[in-house]
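Quick one: structure below, then a few questions.
For clarity, chains are labelled A, B, C, D, E and F in written order, and residue numbers in each chain start from 1.
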Amino acid sequence: MSEEKWRRVDGRAWNELRPIKIESGVLPNADGSAYIEMGRNKIIVAVYGPREMHPKHLAKPDMAVLRCRYHMSPFSTHPRRSPGPSRRDTEIGMVMRYALEPAIFLERFPRASIDVYAEVLQADGGTRCASITAAAVALVDAGIPMRDLVAACAAGKIEGHIILDLNDHEDKYGEADVPVAYMPRLNKVTLLQMDGVLSPDELRRCIELAIEGCQHIYELQREALKRKYEEVVEEVKGDE
Amino acid sequence: MSRLSIIPKLKRRKILDAIASGRRMDGRGLEEYREISVRRGVVEKAEGSAEARIGDTWVVAGVKIEIGEPFEDTPDEGILVCSADFAPVASPTFEPGPPDEASIELARVVDRGIRSSDALGLKDLCLIPGRKVYVVYIDLCILNHAGNLLDAASLAAVAALMEAKKPIYEVRDGKVYPTGEVEPLKLRRLPIAVSMAKIGDVIVLDPTFDEEEVMDTRITVTVDEEGNVCAVQKSGPQGLSVEEIWKAIEIAVNKAPKLREKLEAAL
Amino acid sequence: MSEEKWRRVDGRAWNELRPIKIESGVLPNADGSAYIEMGRNKIIVAVYGPREMHPKHLAKPDMAVLRCRYHMSPFSTHPRRSPGPSRRDTEIGMVMRYALEPAIFLERFPRASIDVYAEVLQADGGTRCASITAAAVALVDAGIPMRDLVAACAAGKIEGHIILDLNDHEDKYGEADVPVAYMPRLNKVTLLQMDGVLSPDELRRCIELAIEGCQHIYELQREALKRKYEEVVEEVKGDE
Amino acid sequence: MSRLSIIPKLKRRKILDAIASGRRMDGRGLEEYREISVRRGVVEKAEGSAEARIGDTWVVAGVKIEIGEPFEDTPDEGILVCSADFAPVASPTFEPGPPDEASIELARVVDRGIRSSDALGLKDLCLIPGRKVYVVYIDLCILNHAGNLLDAASLAAVAALMEAKKPIYEVRDGKVYPTGEVEPLKLRRLPIAVSMAKIGDVIVLDPTFDEEEVMDTRITVTVDEEGNVCAVQKSGPQGLSVEEIWKAIEIAVNKAPKLREKLEAAL
Amino acid sequence: MSEEKWRRVDGRAWNELRPIKIESGVLPNADGSAYIEMGRNKIIVAVYGPREMHPKHLAKPDMAVLRCRYHMSPFSTHPRRSPGPSRRDTEIGMVMRYALEPAIFLERFPRASIDVYAEVLQADGGTRCASITAAAVALVDAGIPMRDLVAACAAGKIEGHIILDLNDHEDKYGEADVPVAYMPRLNKVTLLQMDGVLSPDELRRCIELAIEGCQHIYELQREALKRKYEEVVEEVKGDE
Amino acid sequence: MSRLSIIPKLKRRKILDAIASGRRMDGRGLEEYREISVRRGVVEKAEGSAEARIGDTWVVAGVKIEIGEPFEDTPDEGILVCSADFAPVASPTFEPGPPDEASIELARVVDRGIRSSDALGLKDLCLIPGRKVYVVYIDLCILNHAGNLLDAASLAAVAALMEAKKPIYEVRDGKVYPTGEVEPLKLRRLPIAVSMAKIGDVIVLDPTFDEEEVMDTRITVTVDEEGNVCAVQKSGPQGLSVEEIWKAIEIAVNKAPKLREKLEAAL
């Protein structure tokens, strides 16, 4: 396959993820939190809840309501962004909610809200996927019972090549971008969007490639959670 | 939504029972559209306009074309602005106010279908690089919401663009002068949005308002005339298996040509 | 009278209305609705209610509250309008309410709201009058008990001539514009505004002319409602 | 309002009884204004300013004049912007926030009175057609609301305009240069708003706050110095017979000269 | 001291206040009110309350809530200000609240609100201090029980000189501005801000000078209240 | 707040008892800071950035530099814009929405410390007087709120400015052309904010979230490297005696050099 030899702007192989760093429990105030670096993306996610819904009339009698807010810091992009929420922010908050909701046992917390806040400190292509990946870790960190983790990354096409995990440049100049979120154990896609032009067959290959990426990210999520757990255990031991 | 309060639960039960029998509440097959009609030129004052109806769903699209400054990072491209108003005429649940999540999603998915496929050829809409470009506004006005707004809005938008005429400007000494002439926007592609709902384990095409209320998730696949996909949007609180996704893509690619016929036949 | 011979930009006689088309029951979701074309004006009006008032603290204990919202589609004018509500929209919503309120038995629906939404698809002078005319039809279509219909049209003055039903051009370049709404059976004026300069006598003649126009429009309203009623009757017969 | 809750109903009864006797609660006749005073020059930093008081109603108007671009459809005309702030100082019922229906109506009716009569001569306020024109802002600040804000606001606005001075600019090579000199805005007309309330079957002039609370409807007729009408606004939930309208026009035409005297006498 | 000889732009001595005029009870509708002129500053303050808090959830069970809103009329400055509230307005409303709150027996009115509205008709440097001075008078005029009055004025530095009560020009071109509010009987500073650069010693001198100014203003506040009281007494006598 | 509901009253009692013993709840002395750390360069895409932590309080500041038009009344000065976002990640009490009173105050006090001391030398940031100047944005993002946001925000802002590089422009024929080169903003002063809370009769340095909840008032004194004061802000519902003010100034002047060391040591 020619794609094996061709190299990308940043030197990665076609099916190679950017360097990823995930840390959980980074925010003392939040019930759960996570920090993710995915290439030059830097995102912090906080989870508050389950907690009493405010305003009350939005509560549901038989389940918790998941609310997701995606926000980019004014300095996260070039040029500077205006601090208020954009229509893009609103849409990404919505697709994050749909991506995470199937993984959470919402029905265990009637009338409650679970609030997920993603704050993008630096953006470099693929922030919605990185935010979902971090949010899943933060949800577990908050002790919220989950059916599965949710891992997310994009695949796409540039100069005729199908590639994994587009950076900002590839996103802008490429032919297509397909962000995917995936629950590995339940084998379900919970986020699927597409921008660009692809034949149905190329689209399938992108989705399959993105799912492979998600599987790898899932391992990194588990390691981050395990690391945190070990730290806690060591702290407890240290206290003895 | 998969977890519903009591009345929707009963409704969901009924809808599932109907689907299980292979026929929907309104008698349609699972992969059948409601009656579709597209009419162009409904608002003479707009540079282009059209209405699309799918069953009782009714959307009007208007295109206005102005001159503006390009964005800093695309100095040689025209600008496309797509917005949707869920006018309170359209549904007892719509309220006057700033655009909500649903209307933002609608506008963004229609926008993406047109933008990704570069249907407008944005580079052809530049008059003076970095200084003057055409700005094409597509405004979607929802008049009656009976489910599957997205496909109707997408049809109306593309039909309005097909009809739209842009004023011709003469460029002299770094300035633009209106000539008084107009010419059609040349549409390079006709992206068609095809939406499906997953209810229980079944995928149904062109969901009604009631079906949308009880669906598990929705997937919209936008297809161009060569059978390429130029936008996808999965929306709603449940996941999809890859098989379901493959099936949705296939249905969309198969159904799009019929909708394109309606579009091309519209007066 | 010289006004008999003088002709207007669009060829109408001084006391001639533009072509008017009224249809009721055009919106399946609304409790009542109407579509009006008055010259090149194209307006859809929906009525929702009587229904529970939301938010509750706006409800009145002894009567329904009528709320009117007037909105112009961005593509309805040249140049394009911004989608948000303007101060003009707010004022027109208010005068629509005052024009329609005297015709409705609001006291029969304590604590309820009756919501009238006018959406202007194309504007060509006189949209507030056309909206009121359509709204009255939509209210009847919604089954709301009415003391009378309300018909509306403007009179005004251009190049020294008193004229009926100004179009956009006459509105812009004329000397005065006098929109009037009128309840024909109760013989009351429920909308009266004036823009421009008129002698008191000219103002009276404008109001009288506008009232004549309203009487004609009233007939068209009744025909539209009758047509709808006959359709319903025929449908019912067809079903038998 | 014709249908009132209990306390206003009692108030309405009392007000109606008084009116029936030909004298109002505050002792005035039916067609009599409260004490009126107009004072100019209250805010030195504004290009023009004035306060008007009608009884306890108190309005301050400030005029600011700047240079701006004309509107696309009137390239050779200056711009008039009129806005009203129902400052929360003025009434226990006013709250801080964006302008509501009542303040928008107030500003628009004052604006219309000045604009329709072309009191400002907007064509005289153009410096370079299509490029530079004067922008005249009239800002109305309501300090105490004791009824009939409209007439007080209209008086204050016109008085402030009478006093206003615009900076003189020199136009050279398609640019404008301030000369440091000023000259008065030349007002071509002095539109005067006269407001009446219909309560029951009676029309009363210059309604108080209490009268406005129980009135059936209000009619404002704006009159220029030649006795022409240059704006009308009917507001409120009841209709008027044509006879009532004729009467209101007549009262307004008769009363306006007295208010104009106050305006012209103001220092 | 050389400062005794040096004169300011407007001819004042270094420790001289601008002419001040205070009137109370100027607004018939308000529960209390005051008008102040301090140089060319012209400000009206209204007090409404104690009254039922709206919205209710902001009420406190054991005390009244003081709310202060500072607003500048569009024509109060050059160039014209946009009518909406600015971030500066919000901050001044907040510091006004902190400056006045210690003087009021809030605990006597549980669940109530006391609303102070300052409307600046003309601004000429020092509007926040003039607003606080007028607000204290308006609170007394409203019959609200007070521990003390609050008087406010600024001191600062220009061309090396420490001065009292800066006007707009001195505020803009001076080296520092120190607005102070002071309760004379309780001997407490309730507003203290500083802008500019001062040595710690200069800052102390500014604060001391401003407190002297406050003491003088306090006498003017008392006279204004007394004058009003005498008027009332005379009116009552006149009625006999 | 001096009048508190029941739980804060108990908390206040505990905090007062601790303070009376000369040690605070977290073991610190009255005039002792929590652990402070400053790190520069955390957001590569910004022209400058830094994070500051004081105990669990965590603030990130980003500096962006653009070209814009100067204000009318300062045609030869660059523009400084400082804003703060109390991101809802930072506290269970923060909600998404427009800036509230507290975030406006935070931004304005940080702004004032930098502006009053003319740390940026705004006159050096002018390219073409009246036409083109540098606009320096400082955006503060609060990530965790554990009390004394102001000192942390001020540290982060100044550290980000210390690191910031501005693009160099060439001015030719009244236009500006980017050269592709950058140079550091030259900071002329390093203003340091030092905040204290008065609780009962005691002044404590660097208050925690709990201490701020029960404090009577707060005073922030911003000090430059020569020991001059360049901003003061008293905030909170109680008064201060002059002796308390003198003491607060003294503490601030004494403590600022230690914070400045952290700033200068930051990488």
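Heads up, the rule we're going with is that contacts are C-beta pairs under 8 Å (C-beta built on N, C-alpha and C of every residue); 3 or more make two chains touch, one makes a residue touch a chain.
Computed from a prediction, not measured in an experiment: that's the story for all the values here.
Student: What is the set of chains touching both chain A and chain D?
Tutor: The shared contacts of chain A and chain D amount to nothing, since no chain touches both.
Student: Treat touching chains as neighbours: how many steps, at the fewest, connect chain B to chain C?
Tutor: Steps on the shortest route: 1.
Student: In terms of CA centroid distance, which chain is the most far removed from chain F?
Tutor: Computed centres place C farthest from chain F.
Student: Where the centres are mean C-alpha positions, what is the separation of chain C from chain F, in Å?
Tutor: Here chain C and chain F have centroids separated by 58 Å.
Student: So what's the Cα centroid distance for chain E and chain F, whole Å?
Tutor: Centre separation, chain E to chain F: 27 Å.
Student: Can you compute the centre-to-centre distance for chain A and chain E, using the mean CA position of each chain? Integer Å is fine.
Tutor: Their C-alpha centroids are separated by 52 Å.
Student: Between chain A and chain F, tell me the centre distance in angstrom, where each centre is the average of that chain's C-alpha atoms.
Tutor: 32
Student: Listing for chain A: what residues touch at least two other chains?
Tutor: 79 - these are the residues of chain A that touch more than one other chain.
Student: Where in chain D do residues touch two or more of the other chains?
Tutor: In chain D, no residue touches at least two other chains, as defined above.
Student: Reading around the ring from chain E and passing chain F first, what chain order results?
Tutor: Here the ring, read from chain E toward chain F, comes out as E, F, A, B, C, D.
Student: Okay, in this complex, where on chain A does chain F touch?
Tutor: Listed in rising order, the residues of chain A that touch chain F are 27-30, 33, 40, 42, 44-46, 48, 51, 69, 71, 73-80, 83-85, 115, 117, 119, 121-124.
Student: Going by the contact rule at the top, pick out the chain B residues touching chain C in the complex.
Tutor: Within the complex, chain B touches chain C at residues 42-46, 49, 56, 58, 60, 62-64, 66, 83, 85, 87-92, 96, 98, 137, 139, 141, 143-146.
Student: What residues on chain C touch chain D, complex-wise?
Tutor: Residues 60-63, 79, 87-88, 90-91, 93-95, 97-98, 101-102, 106-107, 176, 178, 183, 186-200, 203-204, 207-208, 211 of chain C touch chain D in their complex.
Student: Note which residues of chain B are touching chain A in the complex, please.
Tutor: Going through chain B, the ones touching chain A are 3, 5, 72, 99, 101, 104-105, 107-108, 112, 116-117, 217, 219, 224, 227-242, 245-246, 249-250, 253.
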